[in-house]
Amino acid sequence: MKTMQCMALVILLLAPFSALAEDAAISEATSECLDCHATIHPGIVNSWQSSRHALMTPQAALAVDELARKVSNPDAGANMPNVAVGCAECHTLRPQAHADTFEHNGYDLHVVVSPDDCKTCHLQEVDQFAGNLMAKAFANLDQNSLYQILVESIIGHPQIKQHKIEFQKSDEATRAEACYYCHGTKLAVTGTQVRDTEIAGELAFPVIAGWPNQGVGRINLDGSTGSCTACHTRHAFSIAMARKPYTCQECHVGPDVPVYKVYAASKHGNIFATKHAQWDFKPVPWTVGQDFTAPTCAACHMSLLVDTDGNVIQKRSHQINDRLPWRLFGLIYAHPYPRSPDTTIIRNKDGQPLPTDFAGGFAETYLISPEERAARASLIQQTCHTCHDSSWTKGFWSRFENTIETTNAATLTATQIMQTIWKSNFADPDNPFDEYPEKVWSNVWLFNANTVRFASAMGGGGDYGVFADGRYQLSKTIVELNDWLEMRRRLK
Amino acid sequence: MKTMQCMALVILLLAPFSALAEDAAISEATSECLDCHATIHPGIVNSWQSSRHALMTPQAALAVDELARKVSNPDAGANMPNVAVGCAECHTLRPQAHADTFEHNGYDLHVVVSPDDCKTCHLQEVDQFAGNLMAKAFANLDQNSLYQILVESIIGHPQIKQHKIEFQKSDEATRAEACYYCHGTKLAVTGTQVRDTEIAGELAFPVIAGWPNQGVGRINLDGSTGSCTACHTRHAFSIAMARKPYTCQECHVGPDVPVYKVYAASKHGNIFATKHAQWDFKPVPWTVGQDFTAPTCAACHMSLLVDTDGNVIQKRSHQINDRLPWRLFGLIYAHPYPRSPDTTIIRNKDGQPLPTDFAGGFAETYLISPEERAARASLIQQTCHTCHDSSWTKGFWSRFENTIETTNAATLTATQIMQTIWKSNFADPDNPFDEYPEKVWSNVWLFNANTVRFASAMGGGGDYGVFADGRYQLSKTIVELNDWLEMRRRLK
Amino acid sequence: MKTMQCMALVILLLAPFSALAEDAAISEATSECLDCHATIHPGIVNSWQSSRHALMTPQAALAVDELARKVSNPDAGANMPNVAVGCAECHTLRPQAHADTFEHNGYDLHVVVSPDDCKTCHLQEVDQFAGNLMAKAFANLDQNSLYQILVESIIGHPQIKQHKIEFQKSDEATRAEACYYCHGTKLAVTGTQVRDTEIAGELAFPVIAGWPNQGVGRINLDGSTGSCTACHTRHAFSIAMARKPYTCQECHVGPDVPVYKVYAASKHGNIFATKHAQWDFKPVPWTVGQDFTAPTCAACHMSLLVDTDGNVIQKRSHQINDRLPWRLFGLIYAHPYPRSPDTTIIRNKDGQPLPTDFAGGFAETYLISPEERAARASLIQQTCHTCHDSSWTKGFWSRFENTIETTNAATLTATQIMQTIWKSNFADPDNPFDEYPEKVWSNVWLFNANTVRFASAMGGGGDYGVFADGRYQLSKTIVELNDWLEMRRRLK
């Protein structure tokens, strides 16, 4: 009891919004959950207890001023009981919709809470996220025949077959732990298991294939896609955590998308590292200059930003690409952003399911127009301008677009060598990813050209633009590929 | 004087346990040390001054409740004077036992404080640590003939000899700075040196070969092994520091054991990075959900954990392997944990001093049984359950054990290629680690398979499971090895 | 208004020196700047508002005690108005000197503030920095014909020409974003651009080639070199930030100079990571043991350090090399520090513009003498001694100098192989950096030998001394180079 008082004091000191805590009663159902689970799972229960969900009702959350409002579904008050958002409130939502709903101590509850559950309060965020490439991360990988060849050439089981390495199809556990750890797995209920629990004796639980997983494009048991907990970590679901770069690092540390490393070594990252203990990551809207003085990933890509007079600089968006003119991640070249989050529909001029062809041409039908690119560039630059003048931003941006061109040109050089290798029968293009020269070639576009572009995008460079998987390795790898080819030519 | 008061105030504000400070008198001997060394070495003296050692006597430390007690030797009160544990208390302990004991201003003191000194108060911790693989880190490397070949093929002096690179024996300084920096050096007194000191004129000091070193398996001048300061950094010896992942990073940042990087990019690491400024790293026992809400290295592997009702979840252990069923670090395959911390006794079926043979078979006589593995798995999962339910833990664990199998299988494929290379006389198996294909092969098991396993063990994956020294590089390296072989076959 | 009061309160609580704030009036000119820019650029304005510049006049700054004084120009009081150092105070300094001076709302202001502006108050720091290798970072790279061949072999545009990769000259944007991002660009006004601004209608601004840039050796528009904002980040110019290792990480994260990574994994870095939230990074002088208990980069290389009695341990220096006996960065070998910051004057015995010849000999005329090396070693060791005794420091230092020798010897072995390759016409030495074996050879000295040396210099080792770009990769790369040679020999 004394501990609880003490903790309450700490919360009062740290979290101004806890003034609202007195309004948020805990439902009887959630109380029952807590009776056992507070002791069994003290870690997550405590995370929840100090979260906004535990301290506020949906009704109170709806009543705050529009810019500060976090609940975007106007029906949230009607949809939800007037209690704190506790265990039962989420895990018993829409029981008929979830294939993993099971009877547990008198309640119909489901294990995997989905975006379609979260949408009961956070409608706009879920809808926006659905327009995001990440929402389709499962299918975009799983339903693309060419990417599947790449996947299996990386995570398949290597076997020696007639003097070659053959990759035999990967098993489900490996898929779930490798690519689909971030992309999201496809969940499925495969049965029921009875376990003898310490507290309540024998209880039955659903067995779920693909579980656990928190990938951004997870296929859920109610048919929805995505996992809000990828970024809004259970069970605090803290906006403060999602706004820090550590969250993005979980999937973007490299060398394919080394943005966390690039950020950490950038001027922005330096300011963040030095100063963020004095910043406030909780306010909505988020005031540039007052709450923070250098951007994190969220500040540029998602957050609702205002200036110190309260004027909106950027609207909140969970559709990250509405500020992104280019897709830097080279497949195999960087290219204008896809129009649709579903990239499985894309075909390049050679019929391949790729946004660019091997000669570097864009599959323009499926990609945004130059006008849309200009509009998006202009939109994200509004954030730059909160600290930088036009000449700075313009100088930075023209270098960035030059780097997209030059790295695509370098990738083309590497691809021309690779095509000579294929034409010379030194490698088999049927699987373009499984032989040694092909793996050298992959390094060029998947790691080196990407690293250079991300370094450029996030401030200009430093080591990631040159020595740390950047232009040094880009040039070396192309030369290695050519050296390999020339050796085979001599032996022909 | 004003500064000291101010500092005292700071200490009072920051460290609740300083209420005990008034009890801890400083011995006359330590006062004499401080008279000079407080000015000569202000860094370490201040670290000590704000440490528990400076604020508490062994007698007071013994009097606290059992779960909270940090002094495990019941004789500590009798063994030690009733004063703060200062410079003299440790550096004059057991003078006859230490080869580096020398007369210094009227005291017989030694430079290198050893675990056998620490054990005067911290008996259980030292005894437990002795059962740890790390306690034997010096001999396990130094006395293993095969590992020594590997060591010298890495840190030996490369020379061109008849068109080959020959590695000439490494010098002592290099050994101390390379492998033995973490494994620990063997200390030896080699003489005495007289130095003209600013404060006290000419003084004699012992000359110690292998010094400085703080490696976990250091051979000390009293014959004991280990160095508590490897983790409990001098001269604060802070439990809070040892519980943070930065301590483990000193030796485990990769790519052989990239656990710090993996942790930093994991969900656990994200929560730690975002939240730890609000956590309390000092309490013993350590309460899950109250003191912290996501595990650090120590929480899973060493610390005494209780739930919010004070029930013990895990006992403190300095024998880390009592919660580890598998040794993930591949030599050359991952394998069940060795029974004894002394791995020099292990012989595989081919007579090699390795826990597995080159075909992947386990040297079972020397490794723990499946039953013991199951018991250890069950023990460490108790920590998982403080935040995760059984279905989560089970799903995670089955993927993890699958990954041990698949990475061992990939290592076998690489080893089969390597054996063909040896049989074909394209490389000489007498030293299996010094030629180019052998170094490519080493990458497979030493870096790539290990990285994949550690990524799996610590949450599932992310980039370290695939693109960052993970499966991408694992597959590429195997293909490179085969490519090398095929080229030699063509030229045969 | 309420927000401003609240912010003031926060500032009072956080920054004791703000007691002086009442003295610092804001000039009319700066007020006019703020009228618009506080809303347009809230990020930088707020950074400035909480900075010492905003809270203190140059006159007040001059009046503090000598050791605590940050303004080293005795004429600062006469040079500058008795107001806070705001936008106008710096951006209108010396208008005739700056090529980018333009009329803006009635003021003659320039975009790029230079060290020669900063020197109006911070004379000594600017003068010292000019003696630093970094101050010449532009010319030392740009005017060295051999380094330019290396640069273009990395950042040039790779093209296939007669079965070889030819690097066509890099474009300006790439140069500015790659090497010159850290080294500094050469700025030049190329014209004027009129922009239609939201607040003030059409305004004319200078167009500046090479902008933005904050590289340490930037060639400024007043002819001066360097950029104080490389480390003293705009617009807080915080000494606290410059003293944290994150600042150095911006250019030194590796693998050529991986010092941030090495530091993070060192004992010093562990203490910093664990403890720095309780340290005070602002005081001048900086008291070892009281303000901090483990060094950051600045503590060893730049800062004014005193002991707890106020005795000076190290003087402040912005000429970093006055404590550096060796240049560890191998070009192509580590070597005694150059005498002059201008390294373009150096010629080795073979006439190449390199501090060492390819056989490892030092270009001694241009490098400091053994006596000077000893003096510098002794100077930096004074900092070591604030925590370590002589035997520790001596042991550490002798290993460090041994490592310089052994890594130079390994580089020699690699270079001998490379010379055989050149002599055998397997590669063309005219450009010694653009073919595959040459790029393998570059890895040896540019990445691996450097990493080993920096790991040694900063505490002894850990993974960066062995497995993480260290001796493991050093040995592997040499063996790879030899393997490449032997294959060509067989085919000859």
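Structure notes:
We call the chains A, B and C, going by the order they appear; numbering starts again at 1 in every chain.
We adopt the following convention: a residue touches a chain if its C-beta (ideal position, glycine included) is under 8 Å from a C-beta of that chain, and two chains touch if they have at least 3 such contacts.
Quick caveat, the model's predicted, so the values are computed rather than measured.
Comparing the contact residues of chain A and chain B by number shows a mostly separate set, under half of all numbers used being common to the two copies. One rotation lays the C-alpha atoms of chain A on chain C, and its angle is 120 degrees to the nearest 5.
Taking each chain's centre as the mean of its C-alpha atoms, chain A lies 34 Å from chain B.
Each of residues 277, 487, 491 in chain C touches at least two other chains. Listing the residues of chain B that touch chain C in their complex gives 3, 7, 14, 38-47, 111, 153-160, 163-165, 167, 171, 173-174, 176-179, 181-182, 193, 195, 205-208, 211-212, 214, 233, 236, 238, 240-241, 244, 246-247, 249-256, 260, 277, 434-436, 439, 443, 446-447, 487, 491.
Residues 261, 264-267, 269-271, 273-275, 277-278, 287-290, 293-294, 307-309, 311, 385-392, 395-396, 398-399, 402-403, 406, 409-410, 413-414, 416-417, 456, 460-468, 470-472, 475-476, 478-480, 482-483, 486-487, 489-491 of chain B are the ones touching chain A in the complex.
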